Each structure stands twice: as C-alpha cells, then as structure tokens.
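First subunit A sits with subunit B, and in the next complex the same chain sits with subunit C.
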Partner chain A sequence: MLGYLIRRLAQAVVVVFAMSIIVFTGVYAIGNPIDVMIDPGATAEIREKLIAQYGLDQPLWRQYFTFLANVAQGDMGTSMVYNIPVVDLVFSRLPATLELVFVSVCIATFIGIPAGLYAGYRPDSVAAKLIMALSVLGFSVPTFWIGMLLIMTFAVNLGVLPSGGRGDVGSLLGIPTSLATLDGWSHVIMPALNLSLFKMGLMIRLTRAGMVEAMRTDYVKFARAQGLTDREIIFSHVLRNISIPIVTVFGLELGSTLAFAVVTESVFTWPGVGKLIIDSILQLDRPVMVTYLVLVVILFVLINLTVDLVYARLDPRVRLKGGS
Partner chain B sequence: MSDTLTPEGNVTATASAAPAETRASRLRDFWSDYRRSPIAVLSLAVVVLLAALSFGAPLVAPQDPYDMAALDWLDAFLPPGTEGSGGYTHLLGTDNAGRDMLSAILYGLRTSFVIGLSAGALALMVGICVGLSAAYFGGRLESLLMRVVDLQLSMPAILLALVLVAMLGQGVGQIILALVVAQYAYFARTTHGAATVERGKDYIEAARSTPLPTRRVLFRHLLPNVLPPLIVVATVQVASAIALEATLSFLGVGLPLTEPSLGSLISNGFKYIHTDRTWLSIYPGIFLMITVVAINLVGDQVRHVLDPKNQR
Partner chain C sequence: MTAALDVRGLTTRFETRGATVTAVNDVSFAVEPGRILGLVGESGSGKSVTGFSILGLIDSPGEIAAGEVRIDGDDLRAMSPDQLRRMRGRKVSMVFQDPMMTLNPVLRVGDQMAMAVRVHDRVSKRAAWDRARVALETVGIPAPAERLRAYPHQLSGGMRQRVAIATALLHRPSVIIADEPTTALDVSIQGQILAEVRRLADETGTAIVWITHDLAVVSSLADDICVMYAGRIVESGTAEQVIGHPRHPYTRGLIDSVPSRGQPGEALPQIPGSTPQLADLPTGCAFRPRCSRASELCRTDPPLIGKDHTALCHHPIEEPAP
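Then we have the complex of A and B:
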C-alpha cells in the first residue's frame, strides 16, 4: 500500500507541473492585458514602466520561472483588476463556492440515491418511470436555463426566494457561512438545487443500474432463500456492492460540481470563485485566471488520487495490480 | 470445366451480394427494435423536424433577424401574437431590437446544429484515431495517449471549453475547435475500450498476418467492429456540444449577440427577467431544451437497441 501511495503521489506532482506549464502558456496567449489595464492616454514612459513592473517584457520561460519562484513563496501575483493579492482574492471567494457545492452535493445524494434505489427495485412502476424521466431532464437540460426558470418561478412570480446574492453571512463554529442564518439559507437553496440537478440525475441512473444488476445476482437469491426481507437485503448486501461506482462518481463529481458552479454562480450572481473566473476571463485578469486554473488542476489531481486510494482500500485487487 | 466455373461464379456472386443484404437487413432489424419505444420515435421525429426547420430557416422564417435593415425599432418588445410593422404576426414576440423571436430562434437553432454536428463529427474522427492507435500499437504510445485522455475526462468539459474559448476568441470556428478539444476524449476512451477487446480476437490476428497495410487493418477490419458504442457516444456528444455552446454564449464568452445563437438569445432575454417580458428568454430556452432532450432520448434508445444484453 505504501509503495502504491508513493508512486501515485509522484505521478500527481508531475501532472500538476505539466499542467501549470500548459495553463501558463495558454493564458499568456490570451490578448494583451496591457491594452485593457492601461489608460490609452498614458504616456509611453508610464506604459514602459508598467510593462516592466508586471514583468511582461521578459520572455515567456523567464516569466514562468518568476511565477514558480513567487508561488514557492506563497505569492500568486496581484489581480490586475482588484489590485489585491490573488491568493487573498480567491480565498475570500472560496467559502461561498464551497458552501454552495456542499449543499448541492447533499441534495443530490439524499434525493438521488434513494430515488435510484427505488427505481431499480421496482423498475416497471410509474414512479420509477417518472424518476427516470426527471433524471434525463436533470442532466440533459442546460443548467443555466433551469436556473433561469427557477428565478422566474420562485423569485419573480411567487416572490418567495431572493433571485441572487449570498444573503446574511453568520458564523458557524467560527467559519463565516450563510448556512448559519435563515436569510442565508433562503439565498443558497435555489442555486444549490440548480447545481445539484445534474449530479442527481447521474446518481439516480448509477444507483438504479447497480440495483437492477444486483437484484439478479446469486447472492441476492441466496439471501432471499435465507429468509431475509428485501429491506435487509438492500441495505446490508446490495448497497455495499453497488457502493464502489457511487463513491467514485461522488468523488469525481465533487470536482465537476466546483466547475459547474461557474454557470450557476453567474446565473444567481453568487459571489464565489466561479463568478470570479468568468469576470477575470472577460476582463483579461491573467494572474487570477492562472491561479484559479492551477488550483482547479491541483484539486482534480487530489480528487483522482483520493478516489484511487479509496478504491485500493475497498478493493484489494486494485492495489495488487497497480501497486509496488 | 463448367462444373468448376459454376461454383466459383456462385461464390463471387454471394460474396458480393451478402454484405449489402446483411447491411440492409441489419438496418431493418435496428429500426424494428428502435420503434418499440414510442417516445424514442417521437424524439427522432422532433429532431428531424427541428433540423429541417432550422436549416430551412431562410425559407421558413418570416424575417432575416440579422439583417439590420429589416429591423424596425418601433417593433421592439412586442408580446407574442402581436402584428408588427412588417404586416405579419410575431408568433413569439420581438426582442429589444425589434427582431422577430421565432426567426431569431430558427436561425439560432441552425447555428446550434452546425456547431453540434461539426464538433461531434470532428471529435469523433480525432477520438477514433487516438483510441485506435493506442489500442493497436500499445506500449508507450498507449499509456501516454490514454493518460492524457483520462486526465481530460476527469475535468468537466465546460471548464476546458471555457478556458479554450477564452484563449481562442469568439466565433463559430473557435467554439467548434474548443468543443472538439474538450470532447474528443470521450470518443477516444470508448474506441480504446472496444478496440482493446477486439484486438485480442482471431480475425485481427488473421488480418495482421496478411500483407495488408496497417491502415487498412485499422480502418476496415477493426473500426467497423467498434462502431456501435461510438454511435451512442456521438449522439450524446452532439447534444452536449449544443448545450455547451449555449452555455458559453450565455456566459458571454461564446458567440456575440450579432451572430444567431440560442445561448446569446437567452442571455439577452435574461437581462429582462425581472420585467414581464419573459418571452425573450422562455422561448429560445424551450427550443434549446426540446432539442437537447430529444437528441438524448434518441441516443438512449440507440444505446438500448445496440446493447448486446437486449439483443433478441
């Protein structure tokens, strides 16, 4: 297990470095931030000075190494738009995104898995067909459009929920979060539901597929023959056997939820990192883009690593095959 | 003499007739399986109808919504069903520039189909090349290609497409390119999976022992046998390309409002969400939703029919 862990860690580090080079080169290729940043009326002297100050006169590879050296000291650069360190900027926005993702993953799991279990248990019932139809809608209809419908229904027509923003931010166990206040909950519930629909659809399908497959297997037949009730069979045998794909998707989807938050946050003007990255792309705020993308890469690599390790823990065959 | 000639003639005759016959009958079998689901048949009809309407938009639509000369500011914000200065009824109303929404939607839908189909087709080709070469040649090439594919698959397509569009700039060509880069991995993964299974089979071994060029073995022997799962992926990816384009345009990094696109129409309508001009965002959204869901339902049924577990 230790050898496996070390090997996977080393791979992860290589991937992060490779991706940071790709991201840096890619972002460098986007437009010229000088044109956006500097007042066109500025003198050539001021232009030169600012270009030198941001290091934009250096060749790309040197800029990359300066960037790496700065990152090593915990400095990811300064936002060209907000004029504050990017690290502070991103971390001030991160809690909002994390709480949105947390609530939406909870919604997806606590509705998706039971719904999927039922749809797989009674695949021919009307309720199961309805659940499956909803799951198709959930992951084929674009998120932003459903979000807009939610706003139209609950904010504009019914007027029961706010249409955007984060609301009052309270403190829960020392962490500032809008989940501590009722007003915060009223703000988070609609975007969270919007963000959860895709995952919920996926959860429903996965759980249903696993359930249908599992109910045909011999161990379920033997458990029936033993006189166990369906409830006991499902919760002590089936659920355990179908848990591997669910755990995987859960882990992988955690990351994609963060990415999808870009769309939901824009629709609901939720002040998280997703809104920040869209704004910085539109305003050519390079340091923010690079930081966000590198953080996303690290996040995805970590999620993949964790899923692999959990796999290895759950299923010994994985660590024997891919191990030291 | 004639004895030996006749069987030979028969052999060639059946050999040349057989593939055409089985192909036709396979298609017939496929269709008779496919039409068992009325919803899937309806979805297919909807997709065909929408495609026909949108590609025939210049003939069907009452107005060319992107010809500035045809627009009249006095027609702005007419609710659905009002007659405008053009002398015809705006069935779905008009927008802030006096554009007929139905025409704008049909033109936008055409852009969606063009982008979805070309991105899907190109991604399919790139994916097939990557997946087949990886599976066939194996070794270092395989592990390198598939590692890149896996890494890309772990990232959501929307994020990749977003970054690429930001780098490449706005425009139809740029969006297609971004979508191909974001989506080819799904095809590569599927091709690789199916081709790895096929490669181990005897007929590939037999084909390789003949002096046929590698290219021919890959594309004439291996490819046809990995196609069924790819067809399913292609359907789903076309729908997802359409949805992705709409999302990018909605976020403001896709197509500009001067180019017809469902996403930019919805984005424009979104500005008026707090007014009662809901037709500006509702109708393009409904068309988008129907298109994407119908294509997905078609894909679902194709998957169901091609699944060996469900074969009679």
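Then we have the complex of A and C:
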C-alpha cells in the first residue's frame, strides 16, 4: 500500500515534468508577449531592452532551465500583466472556483444518483422516462445557453437572484468563502446549477444503466429469495456494486470542471481561475499560463490517485499493485 | 402428513411481443418433509420458472396466471407482496445454479449472511454472525469463522455453493428450491454436495425441490421425480418407478441418452429434433413431432394415466408385469 503510493507519486512527478516542458514549448510557440504588452509607439530600443529584461532573447532551453531553477527556489514567476507573483494571483482566484465546483458537484450527485437509481428501478414508469429525457437535455444543450436562460429568468424577469459576480465573502473555519454568507449563496447557486447540469445528466445515465444491469444479476435474485426488501437490496447490495463507474466519472468530471469551468465563469462573470486563464492566454501572460496548467496537471494526478484508492475500498477484488 | 410444499395447477405466462407464452402449464406436485423431489427437464422446459413461481419472484412481463402454492398448508398465492416476502428465506428459500454469481462480490460472506438473518429475526449483528457461523458448520465448511470474513472471490466454487446452501438454511425453511446447484461444479465436488444435501434433508426435515437436467444426479439423490416437457409435467412417480420403468416415451428417451459404462464405442441413442419453441407448440401432445410412438390420436390433448406413477400420454409404455 505504502509502496503503491510512493510509486504513484513518483509517476506523478514525471508527468508534471513532462507537462511543464510541453506547456513551456507551446507557450513559446504562441508568440512574443512583449508585442502584445508594449505601447505601439515605443522605440525599438525600449523593445529590445524589455525583451532582454524578461530573458526572452535567450534560447528556449536556457529559458526553461532558468524557469526550473526559479521553481526550485519556490518562485513561479511574476505575472506580466498584474505584476504580482503568479502563485498569489492563482491562489487568490482558486477559492472562488473551488466553491463553485463544490456546490455544483454536490447538486449533480445528490440529485443525479437518486434520480438514476429510481429510473433504473422502475424503468417503465412515467417519472423514469421524464428523468431520462431531462438528462439528455442536461448534456446536449450548450451550457452557456442554459446559463443565459437562467439569467433571463431569475435575474431579469423574476429579479430574485443576482445575474453575476461573487457576492459577500465570509469566513468559514478561517477560509474566506462566499458559502458563509446568504448573499454569497444567492450568487453561487445559479452558476453552480448551470455547471451541474451536464454532470447531473451523466450521473443519471450511469446510475440508471448500472441499476438496470444489477437488478438482473443472480446476487440480487438470491437476495430477493432470502426475503430482503427492495430498499435493503438497493442500498446494501446494488449501490456498492455500481459505484465504481460512478466514482470514475465523478473524478474525471471533478477535475475537468475545476480546470475548465471557463464558460460558466464567463457567463456569470464569476471571478475564478477559469476566467483568469482565458485572460492570460489573450494577453500572452506566460508565467500565469504555465503555472496554471502545471497546477491543473497536479490536480488531475491527485484526483486520479484518490479515485484509485477509493476503488480499492469499494471493490475487494481490486489490488493495488507495486512496491512489493 | 401435510406436504411441506403442495403445488396445484400452477400456470405462469409471459407476455412477449404479440404472443403469450405459457412457460409453466398446469403443474402440480407435492413434497413431504425430508423428501427430495427431482424436477427434470431440458433447457426451456419451464423447470426454473416453476421454481421462481413458487417463490413469487416472477417479474413483468411474466405473470402467475393460476394455481395454488401451499407451504405447510398456507397458500402463498393468497398473500400480499409483503407477506410473501416474509415467507421467502424463512419458510422457503432458493439456491441458484452459478455459485460465482449468487454471492455479492463486494460484500463479506458474513455480512451477506447476517443480512439474511436480520431480515426475519431482530437480533444483534454479532448474534447474526454467530448464526451464520453455525450454518456454515452445518454444511461442512472448515474454519467457518475465517470464511465469514472472506470475500466471495477468495472462496472456491464448491465452497461458495456451500455458503449459498448455508444461507438458504439459515431460518430452517420448510422448503428449499435448488435450481441446478451442482451443474457448474466439478464432479467430485458435486458428489460431496449431493451427499451433504441428502444428509441435511434427512436431519432437518427440509423438503427439497432439486431442479436439474441431469438424470444421473436425480436418480441417485431424489425420492420422487417429475419430468417436465414444454411447460408440463409429463411423468411423475418415485425415483425407482420413473427411472426403472418409465412410461412416457420422452422419459425413456432421456434415460437412454445417458451414457453408461456398459457399452463403450456404441452410438448413444438420441431423441430426434429439438425442444419446441414455447410460443409455437404443436396441438395435442407437445412431444408428438419427436416421438416414435405418435399417432393421429396425439393431435388431441393426452390423458393422464396411472395413479401413483402417472404419465401424460396416449400411448404409454406398458407397465411391467408384476
């Protein structure tokens, strides 16, 4: 178990390294940030000076090693646009995205799984067909469009919810979050719901498929022959068996939502990292792009590791290999 | 003596696209406590559906259309779904064919068995585990306390089937339906399980319905035999009667198809043709197209002949001279 963990973390380091090289090269290829940032009226002399100041006149490999040397000292660089350390910049935006994703994943899970269980338990009922129809809408209608409809309905026509922004930030267990205030909740609920629709549709379909399949298995028939109630069968026998694909998709979705909640954040002007990365790409703010993408890689690695550990907890047949 | 299980006129139908299929057609039999009834037939003859119908576990689009199922005199068909559920596991339980599939792979054996205990008896978890351990001992599992902590994949096929049988025995039911429980096992393990089941029936007085296609197994195990063909019981009697002097041509064919050690190298007699589609049965006797004794008369419904040893046939094989 410990050996497995060590091996996985070593792999993670390699992945992060490889990713940093790809990102660095990719960003280098996009273009010269000085051209975007500099006043068009500046002289060639000032331009040359700035390029030298940022080290952009150096060959790619030397820039990369300078970057690595700085990272080793805990310095990820300074944003060219905001002129503050990149780490501070990203971590000032991260809580907003985290709380948005947290709420949306909760909505998707606590509505999606029960709805999917029901749709799989009574597949011929009207309610089940309605649930399935809605789930198709959930992941086939574009997110931004539903977001705009939500704003039209709740902010413009009904006027009950704000149309965007983050709202008051309170403190919960020492962490600044808008989930600590009522005003914060009124801001977060609509974008979170918008963000959750796709995941909810996915959860419903996965849970339903697993449920339909599981209800036909022999162990369910055997449990029924022992006189167990359907409730006991579903919650003690079936749910654990069908949770493995659900956990997989949950992990993948969690990662991609954290990293790329961009569309929803833009529609609701939510000040999260998604909006930050889009702005940085437009302004060729290299340090922010590199730092953010490396952070995303680390997030994915951690989530996948957690998913694997959860597998082993859920299914006794899964053996974590390595380290022996 | 009242029969532990008394089935009368049981009929189960399935609605399929455009057609109604009668999978179990007017089936009647009785099993007394401590006796083993072998229910024999080919795949698709309706023997498994008969088992599920007895437990009331027929799902849509299937439906039990008629008949009575009495266990210790109580009619299961007259009960509400919840009353029926409380009979399952307590008065009547079932063991399935594939021991790899009947246990939940992600739960410990002990947890699964304890759940089955606590459905019907309000006892503590620890007491339920104790009951499970005793049940495993009863079916001859060594080191039962360790087996309870194991997951199903850590046990062999024979061991898992013993666990399933022990689970079925937890509440000392009056009746156990065993649906081909040894078909998926090695022959040597099969022999052990058969001996164990025979001993359990004798010691606990449980009535057992042993569903199988294997005539060799039932002839050594069962007290009575019912032979099913296309949803009907075509012959029934004691094991000696049915195996020794079959009266229905189908039973005769089945017995002749069992390889014996007697004549190596000889061609084995076969029953020509194949099991008919239930949706498309011939009129009269369903076995008619495959039967060497069939005549024009067989286009009408065959009569039930005999008293203790019955057969459903126009042209039964003659009884031996006494």
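Side notes on the structure shown:
Note that in this section the second predicted complex is superposed on the first by the 309 of 324 C-alpha atoms of A that agree within 3 Å, B and C clash if a C-alpha of one lies under 4 Å from a C-alpha of the other, contacts with A are read in each partner's own complex, and residues count from 1 in each chain.
Keep in mind that, in the parts below, contacts are C-beta pairs under 8 Å (C-beta built on N, C-alpha and C of every residue); 3 or more make two chains touch, one makes a residue touch a chain.
Computed from a prediction, not measured in an experiment: that's the story for all the values here.
Bringing the complexes onto one copy of subunit A puts subunit B beside subunit C with no clash.
In the superposition on chain A, no contact is made by A:Q283 with either subunit B or subunit C. Look at A:T229: by the touch rule set out above, it reaches subunit C but stays clear of subunit B.
Comparing subunit B with subunit C, more residues of subunit A are touched by B. In the overlay built on the shared chain, the residue A:N241 is in contact with subunit C alone; subunit B does not reach it.
By the touch criterion defined above, A:Q58 lies against neither subunit B nor subunit C after alignment on the C-alpha atoms of chain A. In the superposition on chain A, contact of A:L293 is made with subunit B only, not with subunit C. Subunit B and subunit C never share a C-alpha pair closer than 12 Å once the two structures are laid over each other. Applying the stated touch rule to the two superposed structures, the subunit B and subunit C interfaces on subunit A have no residue in common.
Remark: subunit B residues 151, 154-156, 158-159, 162-163, 166-167, 239, 243, 246-247, 250-253, 266, 270, 273-274, 278, 281-282, 285, 288-289, 292-293, 296-297, 300 touch subunit A in the complex.
For subunit C in complex with subunit A, the touching residues are 55, 57, 60, 85-90, 93-94, 96, 98, 101-107, 115-116, 119-120, 151, 153, 164, 167-168, 170. Residues of subunit A that touch subunit B in their complex: 15, 26-27, 29-30, 136-137, 140-145, 148-149, 151-152, 156, 163, 252, 255-256, 259-260, 262-263, 266-267, 277-278, 281-282, 289, 293, 296, 300, 303-304. Contact residues of subunit A toward subunit C in the complex are 124, 217-219, 221-229, 232, 236-237, 240-241, 314-317.
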